[in-house]
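Take a look at the structures below.
Both complexes shown next keep chain A, but they swap its partner, so chain B is in the first and chain C is in the second.
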Partner chain A sequence: MVSPILLIAVPLGLAFAVLLVGFISRKLVKYVPVLAMAFNLVVSLLLLPRALTEPIIVRTGSWGPPFSIHLVAGPLGLLLASLVALIGLMVAVYGTDYIREGATRMYHVLYILLLTGATGIVLTGDIFNLFVFFEILCISSYALVAYRGDKAGIESAAKYLIQGAIGSSLALIGIGLLYGMFGTLSMADIARNISSVSPLTVFASMAFLVTGFGVEAAIFPLNAWLPDAHSSAPSSISAILSGIAIKAGIYTVARVLFTLYGAESVLLFVAILGLVTLLIGEMSAFSQNNIKRLLAYSSIGQVGLIVFALGMASVTGVTGALFLIVSHCLAKSVLFLSAGYMIHRTGSMEISSLDGMGQRMPLSSLCFTVGAFSLIGLPPFIGFAGKFTVIQAAVEQAGSFFTVLMAIALVGTVIEGAYFFRIVQRLYFKPQSQGSPGETKGRQEAPVSALIPIVVLAVMIVATGVYPKLLSMVLKPAATDLLNKADYIRHVLGG
Partner chain B sequence: MPTEVILIAAFGGAGLVYAAGRFSAALRNVLVVAVSVLLIGLVALSYGQARENTYYLGFLGLDLVLRHDALSWFFALCVSVVGAASLVFSLGYIGRSGNVNFYYFCMLLVTAAMLGIVLSGDLLSLFIFWEIMSWSAYLLISHKRGRALQAAMKYIVMSLIGSCAMLLGVLALCNAYGTLTLSKLAEAMGSADGGFLLFVLVTFGIGFGVKAAMVPLHTWLPDAHSEAPSPFSAVLSGVLIKMGIYGFILVMYAVVGLKLVLGLGTGWLNFHSVLCWLAAVTIVIPTFVAMLQTDAKRLLAWSSIGQIGYIVLGLAFGTTLGVAGATFHTLNHAFFKAVLFLSVGVVEYKTGGVRDLNQLGGLARRMPVTFACALIGGLGLIGVPLTGGFVSKWLIYKTLIAEGHPFLALAALIGTWGAILYIYKLLHNVFLGQLPERYAQMERPALSMTLPLVVLGAAVVFMGVLPGIPLRAVGAIVTSLGVGSFAATAGGFGPELGPLNTVNICFAAVALLILVTVVLRLAAKARRVPQTDTYAAGAFVPTGKYHHTVGFYEPLERMVKPYLRDRIDALYTWTAEVGRGLFDRIRRIYTGDVRNYVMYIVGLLALLIFVQLVWKMW
Partner chain C sequence: MRFLYEYAHYAGCFALVFIGLYIVLVKHNLIKVIIGIGLIDTGVNLFLVTTGYIRAGTAPVFSRLAEKPEQMVDPVPQALVLTAIVIGVSVLALALSLAIRLYGRYGTLDLRKIKELKW
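What follows is the complex of A and B.
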C-alpha cells in the first residue's frame, strides 16, 4: 500500500545513502538523486488520482490528529510534490554532467535534502513540522548557493543566510505565539479554534508567520536575497531555487493565510503587495546585463503575479495562481538550465556574450526561446493559460477595481516581453561578438545529459499549453483544497 | 470540406517545409510552392459555404469554434493569394542567404496564423492565432539583422501592448456573457449598456489599431516594413495590417452591430465620428510624410498607413457604400501594395540592397516587366479608372459626399492627390530618368520574381475592368453584416447606386488608345533625341553631373517639413527612455547591503502590525 510518507522517507534515506555509495564508487554517486526523484515522481503521480476526491491523512506513531504529526496529502500537496519531483528529477539528470568539480558528494546530499524539505513542506499538516522541513530546505539552499566557493557565491550565501535566519526566527516566534494561544500544533486544530481568540493577538502571530515565511517566498520587500543567491549559485541550483524553493515559500504563506487564519479581508493587501512585487521585479529585470540576475528578477516578477492572483481569493484566482506556479516552474527551469551551458561555453554571464548562440547551440536556444515565450504568456504555451485564468479572475471580481489592478499588472507583462524579446533577438539575430573568450566556429551543443531535461521540459510546456485540460483537472480540486477551510478541518479532524 | 482542413494544411505545411529543408533545398522549394498553391485551392474551393463548427472542446472552460462565411472567405483568399505570391517571390530573393529554412517556416507560420484568425469563430481562437501571428512576424522582421532588430523590437512591444488591451476586452466579454463564440455574442450584445460597450470597443480598438497602424498607434510600421525582407514587407503591408481591419469589422459589425455602434456617445462626440476623424488624420498626414521619403520602402510603408486610413474611414462611416468600398479597397490595396513592394524588392535584389531613391533611376530599360507591373500597381493605388482602386475609392467618395461630410471627403481627396505625387516620385526615381553607369549591364530578373508581379498586376487590372466579380463577394459580406444590401453587375453598378460602368470605360479607353496609335503612325516621322536634351532655359547642362531624381520634391519639402516632425514617435521614444531611467532607479532598492535588507524585513512586519492597529484589516 503506497503511502505518502514514502515521499519523504525514501529520499531522506537516500540522501544519507549517498555518502555510503560514495565510499563504494564515486561514479555512482550522481545517479542517486535521479533515483530518489524518479521514485518520488512515480509515487506522487500514483497517489494523485486518489487524493483528488479526498485528502490522504497519514498518522505517525499511531496517534490520530491533532496529537500526532500527521501528513495531509491533498490534491494541492500532491500536485506540488509531483512538481517538486519532476523538476528535481530533471535537474538531477542535468547535474550528472554539470557538477564536476568540488565536493560533489556533499552537493548531492544537500540536493536531495533540499527536495525532501520541499516535499515535506507541502505534505505536512502540522505547523511545527512544516517549520522543520522549511529549515531543512533553507539550510540546504544556503549551503548550495555557496557551492562554487567563489567570492560572489560566498557573499550571496552569507546574505541569504542572514536574511533567511531572521525570517525563520520570525516564523518560529509566530509558531510559538500560536502554540501558546492554542496549545496545539496541528494546523487543522488551530484553524478550528482560531475564531475563539481576540483578533489582535492572533494577528500578531499571523504577521510574524507571513513575514517569516515570506522571506523564502520572495515577496517584496523581503526578497532582496534572491537576485544575489540565484545568480551566484550553480545553474542547476538556480533552477531548483527559482522553481521549487520559492514555491514552497508561497505555499506556506498561502496555507497560513487561507487555511490557518481564513484571513479573507487581508487578501486585498496581499494582492497589492503582489502587484508591487511584480512591477519592481520586472522593472529591475529590464536594466540587467547579467543573464542570471535577469532571470532571478524575472522570478520575483512572476512571484508577484502569483501572489496577486492568490490575493483574489476566488476559485478562478487560485486556479490561475496554480497554473502560473506550474508554468513558472517549467519555464524558469528551462531558462536556467539552458543558460547554464551557454554560460559554461562562453565563460561569461553577460547578456552580450549570448550573441549568436542560436547557431552554436541551436537546441538549447530553441528551448530557451520556448521558455521565454511561455513566461511572457504567448499562446500556444502554458504561460498563456495561466495569464488567461488570472485575468479572468480579475475581471470576475465585483466592481472594476481589480480590472484596473490587472491592467497595471499587464504593464509588467509588457516590460517582461520587452527584455525577453531582446534576448531572443540576441540569440538568433546578432552575430557572435568578435574576440569573445569561447569563440569557435560551428556547433557546440550542450551534452546529452543536459539536453534531455531541457527538451523534456520544453515539450511539456508546449504540450500542456495545447492541452491545458491535463492540468486543470488537477488544479481545480487543488484550488478548492486551499480555499475551503471548513473542508480541510473536516477531512483532517473528522466529523 | 471541413474548415479545419485549411488550417491543418497551413500549419502542417509549415512544419513539413522546415523538415524538408533539412534534407534538400530543392525539395523544400517545391514544397513551398505546392503548399501555397494548395492553400489557394482549398480556400477557393470553400467558396459559398457558411458553417460553424467546434474543433476543441473545453480549452480552459471555453469551446473553440471555427467559422466560415463570406467575410472569412474574402479575407482568407486575400491572405492565401498574397502569401503565395510572396513565397514564390522568395524563391528567387532569399536564395541561400541567412537561415532559409527558418525563413520559410516563419512565412508559412504567419500565413497559417492569419488564416486561423479569419477562420476563427470565437474570440479566444482569434486571440491565440493573433498572438502566433505577432511573434512569428517579429521573428521574420528581425531576419535581416542590423537596423531590423530595433524595428522588430518596436513592433513587438507595441503589438504586446495591443494584445494585452485586447485580452482585457476578451475576458470582460467572457465574464459578462459567459461565452466567446461570435454568433452567441452577437445575439447577446443587443442588451449591452453603453459604458461597457465603450470599454470593449476601446480595448479592442487599441489592439486592432496597433496592428492596422492607425494614427496614433502607427509608429512601428515605417521601420518594420522597410527593414523586413521585401517579400515579407509585401505580406506585412498587404495582409498583416488587414488583420487589424478584419478585427474592426468583426467587432464593430459582426459582434456589436451597426446600430449600437452608431448610437454610442452623446451628440457630436461619439465613437464612430471620433473614429472617422482619426481615419481622416491617418489619410492626410502619412500621405504628406510619404511624399518626403527618400527610401523606397519607407515611402511605400507610409503609403500603407494612408491607405489604411481610407479603409477605416469607409468602415467607420457605417453606410452600405462605405463598408463595401472599404472591404473592396482591402483586397485592392493588398494586391497593389504587394506588387509595389515586390517590384521594389526586385530592384533591391538586383542592385545589391539599394533602396535610396536618390541613387536609382532609369531601371525601366533593364527590367521592363517589373516597371509595367509597378506602374499598374501604382495607378491602382492612385485610383485611376480601369484599376480596382478606382472602384473602391469611388464608392468611398460617393458615400462621403452623399451623406454630406465635406471635410472628410476633402481629406480623402487630399489623400489621393498626395498618392499621385508620391507614386510618381517612386516610379520616376526608380524606373524613369537616367540609368546610372553601374546598373547599365544589369540582367533581367528571374522568372520566380516576375511571375508573381505579373499575376498580381493582371488581377489589379481585371478587378478594374470587371469589378462586379469581386463585388459580388463584397456584396455578400455587406449583407451578412447587416449594413444593407449591395448589388453590382459584372461591369459596374446600376443606376440606384449611382451609375458606373467600367466595361464601357474600358472600351472607351481601348478605342482612344487605338485612335491615338493610328494618328501617331500616320503623322510625321518621330525624331530621336538623347535623354539629356532637356529644357534648361539655355543654360549648359553637364552630362553625368545632373541627376533628375535627387531632391525630387524639394520645394514642397521645404514648405512642409517643419510641420511633419514625427512627434508621436518622439513621444513613445521619450516614454521608453523615461521608463528605462525609472527602472534603473527602482533597481537600486536592492542596495547590496544586507543591513538594508534586514531593515526591509523588520519594516514589513512593523507595517503589517501598524496597518492592523490603525485600519483593523482583519
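What follows is the complex of A and C.
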C-alpha cells in the first residue's frame, strides 16, 4: 500500500540528495533525476486504478481535512502526476547527455524541484499549499531558463521572473481574501461555503486568483514572457516548460474556476479569451524564423485551444481539453527534444538551416514530423482524437454559438498546418545548403540517450492515436472529477 | 470616521501593493523594478496578517487561564506570511543575482537598452 505523498516526498528528498551524490561521484549525479522520475511514474501508475474508483485522501499530521494540509489524489490529479513523471523521465534521460556545460549538479537539483512542484500542484487539496508548490515550480523554472548564462537566457529569465513574481503576489492576495471570508484554506471547505456569500464578494478573489495563476498558464494578455523564456532555455527545459509548467498553470486555473467557485457565468469569457489566445499564438508562430520561438508560439496557440475547450464546461468539452493536454505534452516534448539536437548539429536556430535534415538525422526528423502532424491533428496521431473530441463537444453544446467559435478556432489549425508543413517540407525535400564550410555530409544522428526518449514519446503518440480508448477510459473520470464539485467536496470532507 | 478606523490597515496594505505595481510598470531601472516587487510582497504579507488581526489581541498561547480564545489573533495567517516571506526573499535573491549577471553582459541596468528579445 503506497501513499500518494511519496510522489512528492521522494523526489524532494532526491533533489537535495543530488548534492550529496555529487560528493561521491560526479558521474552518478545525472542519473538521480532519472531515478526520481522512474519512481514517480511507477507509483502514480500503481495508484491510478485505485483512484479511478475513489479519490485517495491523504491526511498529514493525523488531522482531518478541513484543518490539515491534505492531498487529494483523484483521477485527474494522478493522471497529470503520471504525465509529469513520464515526460520528466524522458527528458531526464535526454538530459544525461544533452546537459554538459555549466553547473550540471544545480541543473539536476532544479530540474527535480520543478517536477516536484508540478506534482504537488496537481495533488494538493489546500489552496495555500498549492501556492507554495506553484512557487517551487516557478522559482526553479526562472533559474533554469537562465541556465546557459547567455544574454538571451538571462534577459528572458529576468522578464519571466518579474511577470511571474507579480502574478504570484496577485494569487496570494486572492488566497488572503478567501481566508478572510471563510477562515479555511481547504479547497473543498471553501467550495462548500462559497455559495453562502454573494457572488460579487467572491468575484474579487476569483479575479485575483485567475489572473495570478493565469500568468503561468500563458492565457492571452499574460503571456509576454513565454516565447522568450521557452526559446532561450536549453531545449530539455523548453520541453518541460511547454509540456509541464504551462499545464500546471492551466490545471490550477481550471481547479479554481470549476471546483473552488463553480463559476458558470464567466466561462464564456474564458472560452473567448482562449480563442483570442489561440489565434494570436498561431498567427505569431506563422511569422517566426526561429524554430524554438515558433514552437513556443505554437504552445500559446495550443493553450488557447485547451482553455477554449475548458470553457465549454461539459464532460465532453473537458475530456477534449484533457486529451489536448496529454497530446500537447507528448507532441511538444518530442518537437523540442528533436529540435534540440538539430540545433546542436547546425549551430543555428533558423528554420532555413534545417534544410535536408531528413537525410542527416533521419530518426529525429521522423519523430519531429510525427510530433508536428499530431499537433496539427492529422488522423493516425493522438492530436486528432483530441481535436475531434473538442469539435464534438462544441457541436453538442446548446445553441450554435460554440459551433461558430469552433469554426474560428479551426482557422487556427489551418495556420498551424501551414507552418508545420513548411518545416517538414524543408526537412525532407530541400537539399542541404552547400555554402557553410566545416559541415560534414552524411548521417549525424543524435546520441542514443536522446533517441530513446524521442522515439518512445513518438511511439506513444502513434499508439494512443490509433487506440484512443487507452486514454479516454482515464480521461472521462478525470473530467468528471474536475466538473463535479459536489463529489469532490463529499470525498474530501466526508458525509 | 468609524469606517476609516476599522479599515485603515487594509487601505495601507493595498496602497503598498499599488505603489509597488506603479514602480514595476513605470521605472526603467531593473533594481528599482526589483524594489517594486519587494514592495508588492510586503503589502501582500501585511494584508495576510491583517486578515487574522484582532484589536488588542494576544498571541494564541494559553499562558494564563483567564485568557479567552476570542481575544487571540488567528495564528494561521501568520504561518502563511512566514512561508510567503521566505518565498519572497528567494525570488528577490534570484532577481538580484540575475540583475548582476545582466549588468555583466550588457553594462547597463536600463531596461530600455536591454531589448534583444521582442515579440
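The rule is short, and it goes like this: the second predicted complex is superposed on the first by the 492 of 495 C-alpha atoms of A that agree within 3 Å, B and C clash if a C-alpha of one lies under 4 Å from a C-alpha of the other, contacts with A are read in each partner's own complex, and residues count from 1 in each chain.
Basically, a residue touches a chain if its C-beta (ideal position, glycine included) is under 8 Å from a C-beta of that chain, and two chains touch if they have at least 3 such contacts.
Remember, it's a predicted structure, so these values are computed and weren't measured experimentally.
Q: Based on the superposed arrangement, let me know which partner A:V395 touches: chain B (first), chain C (second), both, or neither?
A: Touch partner of A:V395: chain B, not chain C.
Q: Between chain B (first) and chain C (second), which does A:A463 come into contact with in this model arrangement: first, second, both, or neither?
A: Neither chain B nor chain C is touched by A:A463.
Q: Is chain A touched at more residues by chain B or by chain C?
A: Chain A has more residues touched by B than by the other partner.
Q: What is the contact status of A:L6 with respect to chain B (first) and chain C (second): first, second, both, or neither?
A: neither
Q: After the superposition on A, what does A:E135 contact: first (chain B), second (chain C), both or neither?
A: In the superposed model, A:E135 contacts chain C only, not chain B.
Q: So, does A:P227 touch the first partner chain B, the second partner chain C, both, or neither?
A: Both partners.
Q: Given the touch rule stated above, what does A:A418 touch, chain B (first), chain C (second), both, or neither?
A: First partner only.
Q: Which of the two partners, first being chain B and second being chain C, lies in contact with A:L378: first, second, both, or neither?
A: Once the two structures are laid over each other on A, A:L378 reaches chain B alone.
Q: For A:P199 in the superposed arrangement: first (chain B), second (chain C), both or neither?
A: In the superposition, A:P199 contacts chain B only.
Q: Considering only the touch criterion stated at the top, classify A:S284 as touching first (chain B), second (chain C), both, or neither.
A: Touch partners of A:S284: chain B and chain C.
Q: Just which bits of chain A does chain B share with chain C as contact spots?
A: 158-159, 162, 166, 224, 227, 284
Q: List the residues on chain B that touch chain A in their complex, please.
A: Listed in rising order, the residues of chain B that touch chain A are 58-61, 127-128, 131-132, 135, 138-139, 142-143, 145, 148-149, 152-153, 156-157, 160-161, 164, 167-168, 171-172, 174-175, 579-580, 582-584, 586-587, 589-590, 594, 596-598, 600-605, 608-609, 611-613, 616-618.
Q: Where on chain A is chain B touching in the complex?
A: Counting only chain A, the residues touching chain B are 158-159, 162-163, 166-167, 170, 199-200, 203-204, 206-208, 210-211, 214-215, 221-222, 224-225, 227, 261, 263, 265-266, 269, 280, 283-284, 286-288, 373, 376, 378-380, 384-385, 387-389, 391-392, 395-396, 403, 406-407, 410, 413-415, 417-418, 421-422, 425, 428-431, 468-469, 472.
Q: For chain C, which residues are in contact with chain A within the complex?
A: For this pair, the touching residues of chain C are 17, 21, 24, 30, 33, 37, 40-41, 44, 47-48, 51-52, 74, 76-77, 80, 83-84, 87, 90-91, 94-95, 98-99, 101-102, 105-106, 114, 116-117, 119.
Q: In the complex formed with chain C, which residues of chain A make contact?
A: Residues 128, 132, 135, 139, 142-143, 146, 149-152, 154-159, 161-162, 165-166, 168-169, 172-173, 175-176, 179-180, 183, 185, 224, 227-228, 232, 284 of chain A touch chain C in their complex.
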